[in-house]
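Next up: some structures, all given as structure tokens.
Next, two complexes with chain A in common: one pairs it with chain B, the other with chain C.
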Partner chain A sequence: MEDGIKETIKKYILDEFLPGEDPNNLTDDTPLISGGILDSIATLKLVMFMEERFGITLAAHEADKEHLDTLTDIVRLVSEKKS
Partner chain B sequence: MSDMRALHKSFVEAAARFPTNIAVVEPGEGSISYQSLDELSSRVCEYLHGLGVGPGERVGLYLRKSIDTVAAIYGTLKSGAAYVPVDSTAPPARNAYIMHNCGVKVLITEARFEDKLKQEIDNLGGPIPHLLILDGTGGGHPLTNALTAKGLSSVTTSIPVLSPRHDDLAYILYTSGSTGKPKGVMLTHENAVSFVDWCSEVFQPHFTDRFSSHAPFHFDLSILDIHVSLKHGATLVLVGEDIGKDPVRLAKLVSDERISIWYSAPSILSLLAQFGNLAVYDYSALRHVLFAGEVFPVKHLRTLTQLLPIPRYFNLYGPTETNVCNFHEVPLPVPDDRTTPYPIGKVCSHLAGKVIDESGVEITTGQEGELCISGRGVMEGYWSLPEQTAHGFLTDADGTRWYKTGDIVVEAEDRIFIYRGRRDRMVKRRGYRVELGEIEAGLYKHPLIKEVAVVAAPDEEAGVKINAFLSGKEAKRLSLIEIKRFCSENLPLYMIPDRFTWYDALPKTSTDKIDYQRLKEAN
Partner chain C sequence: MMNKTTQTIGKSPTATDVGIVSIQGLLIISAQLALLLLLFRQFQIESAAFLRLAILAFGGFVIHALLPLRLRLPFFTTLSLAGIGIVLGFVNGAWLVGIGLVLIGICHIPTSFKIRATLLLLAGGILMLQRARLIPFPWSEAIWPILGSMFMFRLIVYFYDLRHDKTSGTFWQSLSYFFMLPNACFPLYPVIDYKVFRRNYYDDDAYRIYQVGVDWMVRGVVHLILYRLVYYHFTLAPFEIMTPAALSQYLVSNFLLYLRVSGLFHLIIGMLYLFGFRMPETHNRYLLASSFTDFWRRINIYWKDFMQKVFYYPAIFKLRGLSTTKALVIATLYVFVMTWFLHAYQWFWLRGTMLFVLQDILFWTILGLLVVVNSLYEIRFGRKRSLVKPVQTWRNVAALSLKSYATFWFICVLWSFWTAESLTDWRSIWSALGGKYSWEVLIFPLIVLAVIVLGNIPRDSVRNIKASKSDPKAWGRERLATVAILVGLIGVSIEWMHTSLGPEVATFVHSLRSGRLSRLDTAKLERGYYESLLSVDRFNSQLWEVYSQKPANWLDVENANLKRFTGRFAQMELVPSFMSVSKWGTISINRWGMRDQDYSEAPASNTYRAVVLGASSVMGWGVGDGETFEALLEVRMNQEYRGKPFDRYELLNAGVPGYQPPQQLEAVDKALKFKPNAIMFVATGREINRSLSYIAEVVRKGIKIPYEPLAEVVHKAGITSDTDEATALKKLQPFGREVLTFVYGYVADQSRRIGAVPVWVFLPQAREGVWQEEVPETIAIARSAGFQIIDLQDLFKGHDISSLRLAAWDDHPTQKGHRLIADRLFDAIQANRSSIVDAAKDMQPVRLQ
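What follows is the complex of A and B.
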């Protein structure tokens, strides 16, 4: 299940915020917020996508660098919310 | 000049008049009364006086926005020195450059920045200023502790408010510079006080008001937030960097804190209107919504005013060099079919304005030209940049100095001005001034980048999109992830381009310069 989540999120990030990027360059540990890939509006869009796609609700304080900085972090958060 | 007042004089008077009023609220960290803020800032002043700081000196503030920072601002002003606030989220190298550039005598900062900052100042050839290191920020406690550790546990004498001289600076605000280095805009006490007094006249603040402090302190919007609220015995509510960007949490905070006077760039108001879920909260305290820093897309302004129809809305306009110089109250409702942005409005009463053509001659109603501003609010100049300062002004035969805003306007009826665009390569993004040349200079630092050209294009949703065109020294191009990470380490976040496009070589003009025109068309 986690792989499915990861691929969905990864595809969304690549399509929306990294058009043309080689998918192999976006690894599980690539810093997304601290690495300048997701700015504040992009982060909001990602949160809205996650909420809609996975039927979860993120608390306001979870939409930040602590919780969403890498694919690993995001998958962990979504998995916790879904279980 | 006989009526010369120090910027902090009104705060000291308000503290005597409203000692128990809450001066500053820092959500989650606490609050501070006028009396306590007055005392804490006096201790900062004593500390600075002990180091020989006085008029003609500068004190750097490299701190997260907090009660500690507000106390440090007033402590610096009381000492007679000018404060130099920097963006605590910007790369340390940029902040070190600013501190070194204007030669701060004392730098108040947080322990987490200390090592990197010292190293960067050292790289610039030093010297390291006196450092007051705070163990973090929050509620004024780390500042109190740091002063106590320096043996300043109470204020022994009352500090007289000295009348500043004509050219004494109150603060220096660094803005994006076209050469790739930020430049310091020098503002005197007279500049600041004339602006603050104008705000008092137009917005009629009351001691029961609760002001937002959304803009960071290195941004000129903070002058209104801090110095207008604390002049009138009102309360200033600090909005942290994280919450400030998050419409969901911010919408709740504005309601919970019963903000009555809001001031920010339009971009966050657009986000609040779209994502803030405003209908579920109580905003009955809100009486003024002020915005400045960029054009407010009418679509989002309409949504906002439909959701919050009670407050009055003011479009404020002005560069850091003059602070607000024009203003326009938006008449409600915003018509359904309106798409044209609202005017920047009339020139403020403490200033004068005129429009000039390319040869510097004043032009008459109905034609486009560059807006120039003169009067008590206009800056002294740029810190140690006499040529850029001279270039920024036009001097009349009678000696009046007019600051050339670089903004193209047209005068409609009744001295109301309409903004048309920029004359140069500066754009506004999320309320920040961005010199495209500074982004280029930042990208050129990458060892594999050979050529860079950055152009801006208008965008209905975001206001402006920034596109970078690049060519590399090697056949292998940097990936988007690599280039974005490099930007995040070398540029403030608001300067990171939206799009990167690689060329084998950038198109050139016949004189072998980068052909910006063709790149713009390629956009």
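What follows is the complex of A and C.
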């Protein structure tokens, strides 16, 4: 299940924020917020996508580096929410 | 514990070697810290208290690095508390820590969030009432700015994280977060996030963390030296902006004063690195911002993150029912409204007064709207992002540089608006565009362009990247750069080194090495005494810091009802028969409106009488009755000269706080009825400029000028009551000498008319500064007017100034200062006794043409 979540999120990030980027460059631990890929606007877009796609609800305090900085963090958050 | 065998410099830590550094690494860092201390000392970085704190921190670092990891946070907390004690003293420090512990304790009371929040608001409310001096408090005023900077924002973040974070911090984490070491010296402090503070603790190789800390402190010092370069050598007052070249200099230098904030924040965060707190960057090359959103993201990043976490996301998540665009617009504007409000809130804790200035509101509104527009653009068209270093062509660099260049100038204009003392002041600077164009107009635009293009050329950087991610070559280059800057700056600061390069270079280096107020801020500080002008640049000024130390109840002439309006040219006079007990002693005004004994109108026979004209230093601001230099000099003259040749000596104190030279025209007329043998005019510097400021003021207020030569100057300058202050000053500048020549000539003529000796005394300010600029010209004008000259310019040389002036924000002489002035004046009179005292015996009124 986690692989499916990861692929979905990865595809969204690549399509939405990194068009034309080599998918191999986006690894599980690529820093997204601290690396400047996800700014506040991009973070919000991602949150809305996650809520809609996975039927979960995120809180404002979860839109931070601790929860959304890498694909691994994001997958962990979605999995927790879904379970 | 230190592992001497396995740990290699610069590698990511494993679970077992967290926080461990090799002996070699420790020695390398310690050597750089020793150089850094020397650099702090050589360049007088910040205050003497900061140097003490740095010695404590750097010494503590070595012990800290050798301790087992579990003991490091308790040790850091102990060191931080010791730092508070060193800077504030034991009693004040204990109060500060006590109040802080109560606030932290409230956050942890085992009750509901709402009750704790209510209790915190209650405690905060009581403290606010105390800060506003509506409720008495037993501790010193000195702790407020530091207490404020420790708790005003961090408590919000802390409480927010307590509510939302699943892993609450430990006791030592809480204490170290609030009382963290460098804070005791810095009222302006970055808003550090509690979660990041805990999460990033030793999350990388220890040696590398320490080394980045050194790098950032060095970078901070470089920012501070560049700031001094701008602050001392390039800043201009609005009335000095006559040409487009001056306008561009003003715009750029005004914005670059922010280097002080970025420099201090680098110093602060760099010091935290030495104790394992691997915090994010506080600023990211903000001069290169290529859009308003980019600027907001690069400048004061901690503030942006704080606003995002506590206000932006909660607002936007609440507005999820609306469209994305609407939610984003509302949340962004909300953030900027809160930014404005919290700046006023910050000002309150640091200064004790509220700050509601129109420019503040407009500045944050405009910046907020620009960021909204920029964000909407980004939503619609996206922003270019890349995971790998993009291939940069000269075309890309040129396009990016053009964007940065345009953003830079727009921000400069907006910044000038924000920091202007008034809207009319800001409007007046643009008249310079109609001034004379010369090649100099290109200087600042070209320098800025060069900096931006060079900054935008891509290069390998290891900025805030973990050890495991960094390129060893780039890392090595940065080490080399740090050491080269350290050694280079120390080398330049050595006296024989810069003096051997010639007097001009030596003077220039000397200026960068000293921490003092610029000529403009010194002038503002002087004006502050007289005009209660406290609208100093809000958050990037050294003068602001000086004022932030000033107690709210510092003796205020206006509030003490010491003066009253007259409706005449001089506007104000002391209230006759007024008496008040101030912090400094009793202030008694006699029936003639003089702070002096109750003399008869006409002197008794064989009495030598002199009227002393001047401003607050003469009146005796900050000392009690009988402690002014005028009173002390009178006692001395009676002791030493009784019967030689007069039986009695009387000095009448006609000093009025805030009086500028033209106001003495009225004062001298009033003095004549006391039939003095001498009129002593006490000048304190910037006589020409202060005269012009006063003329501009009376014209603006529509006050009639009864002196024909002055009215003629106003006519020639073409100013009216509708002319704003900066423009009026610009137009009056060519007539400065003419105005002062009339003032001095009038005072001297009136003296001679009644047979009194005109004596002109130059009394310097306690600190070096702007008062020195006009001294030679002023003395020449006084001499031409026919005054006897007593020049005390060197009065304070060789003395400990701190014991001679009231405070850092108030250069008026203390009791000791007045004694020194009285002694020096007596010596000068003694040296010129025949012309100042003895001649009065035979002097007759002169009929003047």
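Brief remarks on what is shown
The criterion applied here is as follows: the second predicted complex is superposed on the first by the 83 of 83 C-alpha atoms of A that agree within 3 Å, B and C clash if a C-alpha of one lies under 4 Å from a C-alpha of the other, contacts with A are read in each partner's own complex, and residues count from 1 in each chain.
Note that in this section contacts are C-beta pairs under 8 Å (C-beta built on N, C-alpha and C of every residue); 3 or more make two chains touch, one makes a residue touch a chain.
None of these values were measured; they are calculated from a predicted model.
Contacts of A:56 after superposition: neither chain B nor chain C is touched. Counting the residues of chain A touched by each of chain B and chain C gives the higher count for C. In the superposed model, A:21 makes contact with both chain B and chain C.
Once chain A of one complex is fitted onto chain A of the other, the partner contacts of A:66 are limited to chain C, with no touch recorded for chain B. In the superposed model, A:40 makes contact with both chain B and chain C.
Using the contact criterion defined above for the overlaid structures, shared-chain residue A:30 touches chain B and also reaches chain C.
Chain A residues in contact with chain B (one complex) as well as with chain C (other complex) are 18, 21-22, 25-26, 30, 34-37, 39-41, 44, 60-61, 63-64. On the chain B side of its complex with chain A, the touching residues are 242, 245-249, 252, 271, 275, 462, 479-482, 484-485, 487-488, 493, 496. Taken in their complex, chain A has these residues touching chain C: 17-18, 21-22, 25-26, 30, 34-37, 39-42, 44-45, 48, 58-61, 63-66. Residues of chain A touching chain B in their complex: 18, 20-22, 25-26, 30-31, 34-37, 39-41, 44, 60-61, 63-64.
Taken together, the chain C residues at the contact with chain A in this complex read 160, 164-165, 195-196, 199, 280, 297, 308-309, 312-314, 316-318, 324, 328, 375, 378-379, 382-383, 385-388.
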